[in-house]
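Both of the next two complexes hold chain A, though its partner changes from chain B to chain C.
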Partner chain A sequence: MNSQFLIGYNDKDTFLHRLSGSTKLIGFIAFSIIGMVTYDTRFLIGILVFSLVLFKISQINIKEVSLILKLIIVFAALNLLMVYVFAPGYGMTIYGTQHMIWRNPENYFNLSWEELFYIFNLFLKYTFAVPLALIFLITTNPSEFAASLNKIGIPYKTSYAVEIALRYIPNVQRDYRTISLAQQARGYEISKKAKFWPRVIGNAQIVLPLIFTSLDRIEVISQAMELRRFGRDKKRTWYMEKNFKKSDYLSLIVIFIIVLVGVMLFGVNGGRFWNPFK
Partner chain B sequence: MKNNGNNSIKTVVATGIGAAIVFVLMKFVAIPTGIPNTQLNIAEGFLALLGAIYGPVAAGLAIFIGHTLNDFVTYGSPWWTWVITDGLVGFAFGLAKNKLDIQSGVLSKGKLVWFNVYQIIVNFIAWVLLAPSGDIIIYHEPAKKVFIQGITTWIINSLSVAVIGTILLVLYAKTRTKRGSLKKER
Partner chain C sequence: MTEPIISFKNFSFQYESQSEKTLDQINLNIFPGEKVMIAGASGSGKSTLGRCINGLIPQAYPGEMSGECLINGKPLNNSSIFDLSFDVGTVLQDPDSQFVGLTVAEDIAFSLENDQLPQVKMHEVTKKWSKKLDLTDLAQHSPQELSGGQKQRVAMAGVLIDESKILLFDEPLASLDPASGAASVKLIDQLAQKQSLTVIIIEHRIEEVLKGGIDRLVIMRNGKIVANDSPQKILKQSLLEKLGLREPLYLSALKRAGINLVECQNIDQVSRITEPQINQKLFEWNEHAKLSKKVKKGSTLLAINALSFGYTKEHPIIKDLSLEIKKGEMISLVGRNGAGKSTLSNLITGFLSPVSGSIKFKGQDLLNMSVKERAQYIGYILQDPNQMISKTMIYDEVASGLLLRGFLEDEIKQRVENILRICGLYEMRHWPISALSFGQKKRVTIASMLVLKPEMLILDEPTAGQDLKHYTEIMTFLEKLQQKNNLTIILITHDMHLMLEYTQRTIVLDHGKVLLDAEPAKVLTNDEIIKRAYLARTSLFDLAERYQLPSATDFVAKFIQAEREDRA
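Let's look at the complex of A and B:
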């Protein structure tokens, strides 16, 4: 429970930092949707390499994100293990061929090249967007983020809600820690040493005050915003908004071409899967 | 969001602060169940309260934003099918606002029982039907694996709302002034 869990904006002067938040947001959403749908290994490896190159350009310190990377890999590995345990023959059903490595298809637990290939594809799908997400989080100023959301067509009140969430996460976290320490001083045990139920009760003793102070905070903030006439007009201008420059248009064209290649591959492969076994 | 003065501002703020609380609860106050990527979330119980006070739009958007941000820093990228399902659950909880009428300060046992039956059905539709189907259609994951995750999530989320959600609703109702508590002197 330390600050390493949270990663945030880091002001530097690279190509990616100068790019407008809207461009990065469109890029991230476009890539994550096409990567979610496709099962073409070549395409997934392509995007992964591309996002690693961008990661290099963004000059993000690897130490800054090493803990989060480790956690992501552990979660992905657990998930893949579960995919294998619940359906060891799924790869063969998808690709329609049987190239066995270990035991026969009649056994429940067996291993085929198809299954390995399917799991490898899943691994790529779990990980390809990670560098992009980190780039997005670390190179985009949170204050500019709401402006970007508004620019791509999200209503400004919703954008403003996102902005409030980003702004108040550190405050809620600080409240949580303060209340937690106070309750521990009173003798509630919430660490791993406690048994399940004492731990649940200990957590509840933190959560209740946290929630009720936050409800008061909602009242205070909305009154302050009402005094400043928030929501009077249909539109809103943003102090941190960045205008599109030449590099933004170029990046959007590159994003469009990559997505187009991904869509065209559906036609070439005759579906979402690229099958090297035929 | 409709533009009707103070209410719409409150919805905006409740969405933002609600999302921040959901994020912190998901990050720090989650107890793993043993099945990968499923945990007992206190956030779901909080969602019931948020929906009962501020309605469907605030609750739905708050969990959508909070869950997306949490996925960003936990898994690297949001798992869209589950994020969207969570948003729908929040919206459905918010629809119970008028029926519960928590601002009146009176929360009868009947209303609580009704709400709990309602939330168990909502969670069933969301986690056993919608989320796994989305995973199968969009992500092409094995059916057995996603249904195990879905059923586990259904049980623990319903449990979280039934215990934590109910406690929060009762405590919040107690802080409200009861309707009709003042009598005109003659």
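Let's look at the complex of A and C:
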């Protein structure tokens, strides 16, 4: 089933694989929120190290995720550059001091230790969440996604949409390929041989038949689901749901403690920022 | 007397979007434990009747109802799909498109999840039904990975798990290879007896379903029930033929031999049918009929030599395959799913490139040509016309291939109009494609390939899911193209009738190799080939064997020849 997704479930047996999908999802969301809110560098470094350790435990092969990692790195670097370009003096405004590395605060473009530190904090925020997201996606059986979403309070119809989408990826891929081949025989060049515009037009020809084929599929599947009573009751149970075990409760306690530390640091720092310049 | 479990009284139904009634004054009683087959041409209302039984009407398909319809005592007009789903389990036509779970086990358990069964209980029940339908080893597989027959078993397990007393099948054989189809019919029969179910089968392929034993045959036409009796009585009166439906082949053969069907006993089973004169008359007819000399062969059109293909070295899909196709042939390419039929046609049309070997078209090397260039010689037509059509108007659709090849407007117009005339679409040339029937759409896709003047067509399952009328329409059109325009046609098919009736040569693929390349009658009278390629024996063969005719193959060939002569 692995090859179906950009990043697929890998079926290993580690501590993280055995955890329930809901626990992992709650952990991911809780860490993301506290990590996004806080600017305490010590805390951010802490959870980054923590998430890297978890990543190690999960035995995820770096090669499997190299593509997605590269994408994230490019995006994050671009973002950090833009943050600097649009407000080079923002760090000084936040921390209230001016330790210059390059030029004076009167110039639009300048560089201060404060700005560098601010950007470093952002960098940490971007990085710590990535291993956690990958852990959730790769160590959770796709069949369990919907159950985990439902368990944390998302309505089951919405949760099930996720499962149906995963279920249909291979079908849509196959339809796309078939239709694409038929259009190529007609004379649309879609291969790399063709120039950019003919290729775009060629690909656009696939969209119409693909939409019609997909609409047909949706009608059939929704009938098939209704005939088996999907949507009758307000709740449903899940075949693949993992019940909470001791390790889940322990993990939730650890998550809670870490988040609590993050919140308490707001008090110690007198706000979201930890200021080493004072 | 027992109460009927399903009862229609003066029942009519009209879809909201239609101007006429689709069901007109239906009166039908189905009793508990009965096995009923509903047959009829497309548009006869048989699918609509099915939708009334499982409650999709009126909930998913709104419309106007009159009369009375009771399903296990519940009136249709105030029962929801959900209410009825406890009484009626439905297996839809294409199991592939109705799977909801990511794995087999989840799919089987789907309705239990919706009923909020506790997980432990759910696992237990799912296991029980997986075992009953021989799916235990497949529980963790994705349903898409399975073979056609396995898929259908998963779909059946998913509805049987509700233990509802009525089971409704909507064209269960349409997407199966012949062997899996036969296995399905058998399985349905066994389940019906073991679970004491009431079974309703809506199907075009009457002969195959009859083989499993049916208590009652209901035939619909234009929204009305025109026959409702035991298969024995209906077959004796040759009602199927009179109503434009396909009669079992062995009965056509017996009629040809001059046997009066009214005199026959056990007419619904070829293995048990009796009539004092059958033996003698069959022998006489067989003696009398002479096979005509073989038609002269044309020049070689396509030559495939030592072709191999595979995504990995360990698992070749096509293995050292060699084949010659002559001009003007109509060929059927058969074999079970995964035997390499689609791969072979993709190699010919250039969608895939072989690892080794050569493909030559009239001596030119095809492998050096792009997909676009090859389409001028060989047109490939997909099973589903909706996957090929990218324009909204017929004329534009047919013209698009020429437009993309940079032809001048005048020439395009002339060529397109000419092709539209050949395909019988000229009067409709300004119509939107959405207004066409399936068969007409199919012709549009054929026309849009023919306009490029190919010498060969490859069609993937051209008649799948079509009733006899549309099937005959498509096939006579193709036959005309073959004979008048000397076109070479390859049909990829699971339909044994089509293979026998219309093609002169059958290529059986198995594991990427040509298992047999012979006349259709030879293929369908060879038990070993039938077994290996997941084909099904024709009832003509059964008949010939039962009465020990000198050569079963010749008998089948003679019958097909006689049928063809009548058609011409």
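Just so it is clear, the second predicted complex is superposed on the first by the 239 of 278 C-alpha atoms of A that agree within 3 Å, B and C clash if a C-alpha of one lies under 4 Å from a C-alpha of the other, contacts with A are read in each partner's own complex, and residues count from 1 in each chain.
Keep in mind that, in the parts below, a residue touches a chain if its C-beta (ideal position, glycine included) is under 8 Å from a C-beta of that chain, and two chains touch if they have at least 3 such contacts.
Just so it is clear, the structure is predicted and the values come from calculations on it, not from any experiment.
After overlaying the two complexes on the shared chain, residue contacts for A:Glu163 are found with chain B and with chain C alike. Within the superposed three-chain model, A:Thr178 lies in touch with chain C and out of touch with chain B [touch as defined at top].
When the two structures are aligned on the shared chain, A:Ile62 is found in touch with neither chain B nor chain C.
Legend: residue contacts after superposition of the two complexes on their common chain; A:Arg186 is shown touching chain C, with no touch to chain B. When both complexes are overlaid on chain A, the residue A:Asn203 reaches chain B alone and has no touch with chain C.
Contacts of A:Lys125 after superposition: chain B is touched, whereas chain C is not reached. In the superposition on chain A, contact of A:Tyr239 is made with chain C only, not with chain B.
In the superposition on chain A, contact of A:Arg272 is made with chain B only, not with chain C.
Contact comparison for chain A: of chain B and chain C, B touches the greater number of residues. By the touch criterion defined above, A:Val83 lies against chain B but remains apart from chain C after alignment on the C-alpha atoms of chain A.
Judged by the document's definition of touching, chain A residues 1, 163-164, 166-167, 171, 206, 208, 212, 217, 221, 225-226, 230-231 lie at the interface with chain B and also at the interface with chain C.
Chain A makes touch with chain B in their complex at residues 1, 5-7, 32, 36-37, 39, 68, 71-72, 75-76, 78-79, 81-83, 85-87, 90, 94, 122, 125-127, 129-130, 132-134, 137, 155, 157-158, 160-169, 171-173, 176, 196, 199-200, 203-204, 206-208, 210-212, 214-215, 217-218, 221-222, 225-226, 230-231, 234, 272.
Touching chain A in their complex are the following residues of chain B: 1, 3, 5-6, 8-17, 19-21, 23-25, 27-29, 31, 35-37, 42, 46, 49, 53, 61-62, 65-66, 69, 72-78, 80, 138-145, 148-149, 164, 167-168, 171-172, 175.
Looking at the complex, you find that chain C touches chain A at residues 54-56, 59-60, 81-82, 85, 90, 92, 94, 96-103, 105-106, 109-119, 122-123, 126, 142, 144, 158-159, 162, 346, 349, 351, 370-372, 374-375, 379-380, 382, 384, 386-390, 400-401, 404-405, 448-449.
Looking at the complex, you find that chain A touches chain C at residues 1, 142-143, 163-164, 166-167, 170-171, 175, 178-179, 181-189, 191, 193, 205-206, 208-209, 212-213, 216-217, 220-221, 223-233, 235-241, 243.
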